[in-house]
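Shared between the two complexes below is chain A, which has chain B as its partner in the first and chain C in the second.
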Partner chain A sequence: MEHIKNDILDYLKDNSFMDTNIGLNDNDSLTQNGIMDSIGLLELMDYICEKYDIEVPEDMLTPENFDSLQGITNLIVKLVK
Partner chain B sequence: MRLDAYITEYAQKTPHQIVLEEGKISISYSCLDEDIDIIASSMGDFGHCRFAILAESGIQYIKILMAVYRSANIAIPLPIEFPKFSLEQILDNAHVNNIIATEAQYSRYGEDFFGRFGTVVIVSNNTSVKTLRKNIVNEANNPELRLVLYTSGTTGTPKGVMLSDRNLIANGESIIKVLGINSGDKGALVISPHHAFGNSIIDSHLMAGGAVRIGSMNFMESTFSLIKSGVSVFYGVPSTYRILLRYPERFKKAFENVRTAASAGGGMDALIVKEINELSPGTVILPMYGQTEATARLAYLPPEDVSEFIDSIGKPIPGVMLDVFDDENRSVGPDIRGELVARGENILLGYLDDEIATEKKLINGWMHTGDLAQKLPNGYFRLLGRKDDLIKIGDHRVNPREIEKHIENNTEVSRGFVVPVSHELMGTAISLMVIPKEGTEVDALFSFCRKNLPGYLCPREILFIDHLPLSENGKISNRSIIGEYQNVKNSV
Partner chain C sequence: MSRIVCKKCVLDSDMPGIDINEESGLCHFCETYVPLSAKEKSDYLVKMEELFKEYGGRGKYDVVFALSGGKDSSYTLHKLKKEYPFLKVLAVQFDNGFISDNAVENAKKICELTGSDYFKLTMENEVLYETFRKAAESRDAFPRLAKYRASDICNTCISIIKQKLIEEAIVQDAPFIMFAFTPGQSPNPIISLQANFIRWSRNIFEKQLLNIGVEDKGEKFLIKNEVIENMGKEGPRMLHPLCLWDYNEGQILEALVEIGWNPPDLNDSNSTNCTLNSFACQNHLEKYGIHPYAFDIAGIVRSGDMSREEGLEKLHQELSQPLIEEAAKKLNYR
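Up next is the complex of A and B:
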């Protein structure tokens, strides 16, 4: 679980508007804090599908699953099983 | 008449009618009218003062905007998707002393950011208002000014488009006519309300006594649920439709009861139209063309001509005249290339605090769009590129020379060149070619762009070149840059 979270955090540091000096809490909103926009979220989804060899069902494209570090991590854990 | 007066009118005629919806929240005309009064009273001592608005998309944003109108002040909405330094550039340009913000944005940007303002008003989620400090500076010029929308300013010099009540209402009325909007309609607002297109969705539906459902394009399941919730008019830029069409089955179900799918902000291509037609044959596709300088809209393509004339912008909306002028500002005949010009009650007052730019834009009552065009024999207009270097990236109008200068001034490169390249979802994205110097690192360049440019301007790739991309006559232009890019790609 922790390594998935760190992997997503690294991805965000490299590919989003996130300021690398500012800490991100696990449940902070990525969209409301200006870290991700709609295109960025689609690219993130493509990234996790490829990296973890999963498919995200369309009805799971919700803020609960995609708007925070914790949500994304939980989603991956759920789908990898 | 001011826009907020329509809300008061409907609050009397149809007080219980729902006007705004967002997630599980909805609000009626009478409640909206009362909330606007509460917020407006905090600005009652001001009269015709510039107020920056810092608010995320949502019901609160619309309340604040209408409250600025109701208190007879001037609204300057800040595009919050821009990086902080771009917002600061806009604020420098707008010479604005007052700001009204939501609690969420106040805590996000912090007191440092708000330090520059003499007046700071904070609106909480339950619409209670706190004035942190107050310093009244009245607007001496521009008596008709009501709203300032920024067209560019992600890099380089921002330009504030000044609009009046008359502009807003004239364009709202035209859009209502073209789309046949009535009080039973619910429009979907999933794009930014801080720019002309989003703003026009709010104006036209509220003027018609109808409703607007507010959401975003961030989470597809939520977006499709929003559309399915009884939306009758959906609005998007072409990339909005490209993203939605990635999920054809969902699209089909969600658009089943959507009467009209309207677009603006960039040309709809034939493929998008074909896919929408196949998935939702009952939905009318209505491409529109406009500019912030025209409040929002200038032309539309009538639905019956969408298949045949998708490469044109169609005809002027009611109340607007379009023409094509040559270099001496004389009207030219069909099929001759010139600059598209427009006049009507929706045309801007001018650019904020920039008389020179205003004089170039408005000549003898005609607004010069900067778009090259020709008239077609049937009276429609077809666009033929830009008179200047501006390009559309992800449906945003940008100046590549300003982005290049911004990158050159802030990173370790000798020269940078922005290349428009096609992108599956955005239509057009950016590749960056650079002439490196000692110490140029690709990773550092990418990192700079990600942190300092809005997402749609981040380069998809960075290529090194060793000479200037000059044309045969020794000039650098979009064309010569694209030519050089093709050479580089072909040689790889």
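Up next is the complex of A and C:
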């Protein structure tokens, strides 16, 4: 699970221009902390689908699943199985 | 360190957040860029056509189309109706208080030519001016990555358009919403919208409005909650066909002029329809040191649809002072 989390964090650092000095906790909100907006979320979903060869059903695109490192990691683990 | 411009696109090391690899001479985005292949583009177009067949022809409109009257949206609507004449289109032009008369004439003309219905979405100018002034005065209301896509003013304006177009499509029961995004502006050519995500993106924009000091209690800018509550689970699909077609600015302008579209008299290299754009660009450059069109232009250059020289020229063209002063006056911005 840790490598998935690190992979998502690397993606965010490379693509969201997030401040690398801010400490982002696993359950911190990506949207409320100014890291992602709705377009960014769709781009991140595309990246995840391609990288992990999964399809994220659109009804799973919710804050619970997609607004934190932990939520996204859990979702990928669930869908990869 | 002296300023280094990416060898492939137009981004440079002076832009905050942009690093150029000294060995390759490329920015991070060019290093990791994987373009849509011709096959992928053609597959997307096939999928789009299948969606037209499956969901089209059921209601009054098939498509709610965002028509600014500028070159990209005018061209996209014209080409769309040429290739898919059976689509019933409601073209919505948002009057943000700064659209030029020329853009209104062009939008109406394209609708007439394509047999599309025209609808001008208007709001009180004073409310819009106050909102854009607050956006100009704000700092960090939008996430960092949004600042690279557009200015704070344009992010506010385009979010209002998206919210109200989604609302219109749900109310009209139209299965498709279309924007003329270029390859540099759009994350995906086909996006299915479900109630969950529509609600979430509404809440994100509501928070961004609050960040700039605007409380939209009357849901003038936001999708009405009542509309989301009453929609089914599945919402409309957002389609971006322009990013699947060849994009050449010169050819697009030529094709448009041929059908009677009047080139604008605006002295703005990045907008053919909005008189607020130059002010928005200057405001963004002053606040963040980021040109809000740099990423868009870089994306078009990276995809090979514009030469690097042309892109650099466009990016470094001086902004129009008369347009900036006119907009500042309207906004009462000091």
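By definition in this document, the second predicted complex is superposed on the first by the 80 of 81 C-alpha atoms of A that agree within 3 Å, B and C clash if a C-alpha of one lies under 4 Å from a C-alpha of the other, contacts with A are read in each partner's own complex, and residues count from 1 in each chain.
Just so it is clear, a contact is a pair of C-beta atoms (placed from the backbone, for glycine too) under 8 Å apart; a residue touches a chain by one contact, two chains touch by 3 or more.
None of the values given here were measured: they were computed from a predicted structure.
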item: Combined model on chain A: chain C and chain B, fit or clash; value: clash
item: First (chain B), second (chain C), both or neither touched by A:Asn15; value: both
item: First, second, both or neither for A:Asp7, with chain B first and chain C second; value: neither
item: Touching partner for A:Asp59 - first (chain B), second (chain C), both, neither; value: both
item: Partner chain in contact with A:Asp46 - chain B first, chain C second, else both or neither; value: second
item: A:Ile35 touches, of chain B and chain C: first, second, both or neither?; value: second
item: Segment of chain B intruding into chain C (one of 77-85, 95-103, 131-139 or 329-337); value: 77-85
item: Common ground on chain A, meaning residues reached by chain C in one complex and by chain B in the other; value: 14-17, 19, 31-32, 34, 36-40, 42, 58-59, 61-63
item: Residues of chain A that touch chain C when the two form their complex; value: 14-19, 31-32, 34-40, 42-43, 46, 58-59, 61-63
item: Chain A contact footprint on chain C (complex, rising order); value: 16-17, 28, 32, 140, 142-149, 187-188, 191-194, 196-197, 200-201, 204-205, 207-208, 233
item: Chain A - residues contacting chain B, complex; value: 14-17, 19, 31-34, 36-42, 58-63, 66-67
item: Residue numbers on chain B that touch chain A, as the complex places them; value: 56, 80-81, 83, 104, 108, 216-222, 239, 243, 246-247, 249-250, 394, 425-426, 446-447, 450-451, 454-456
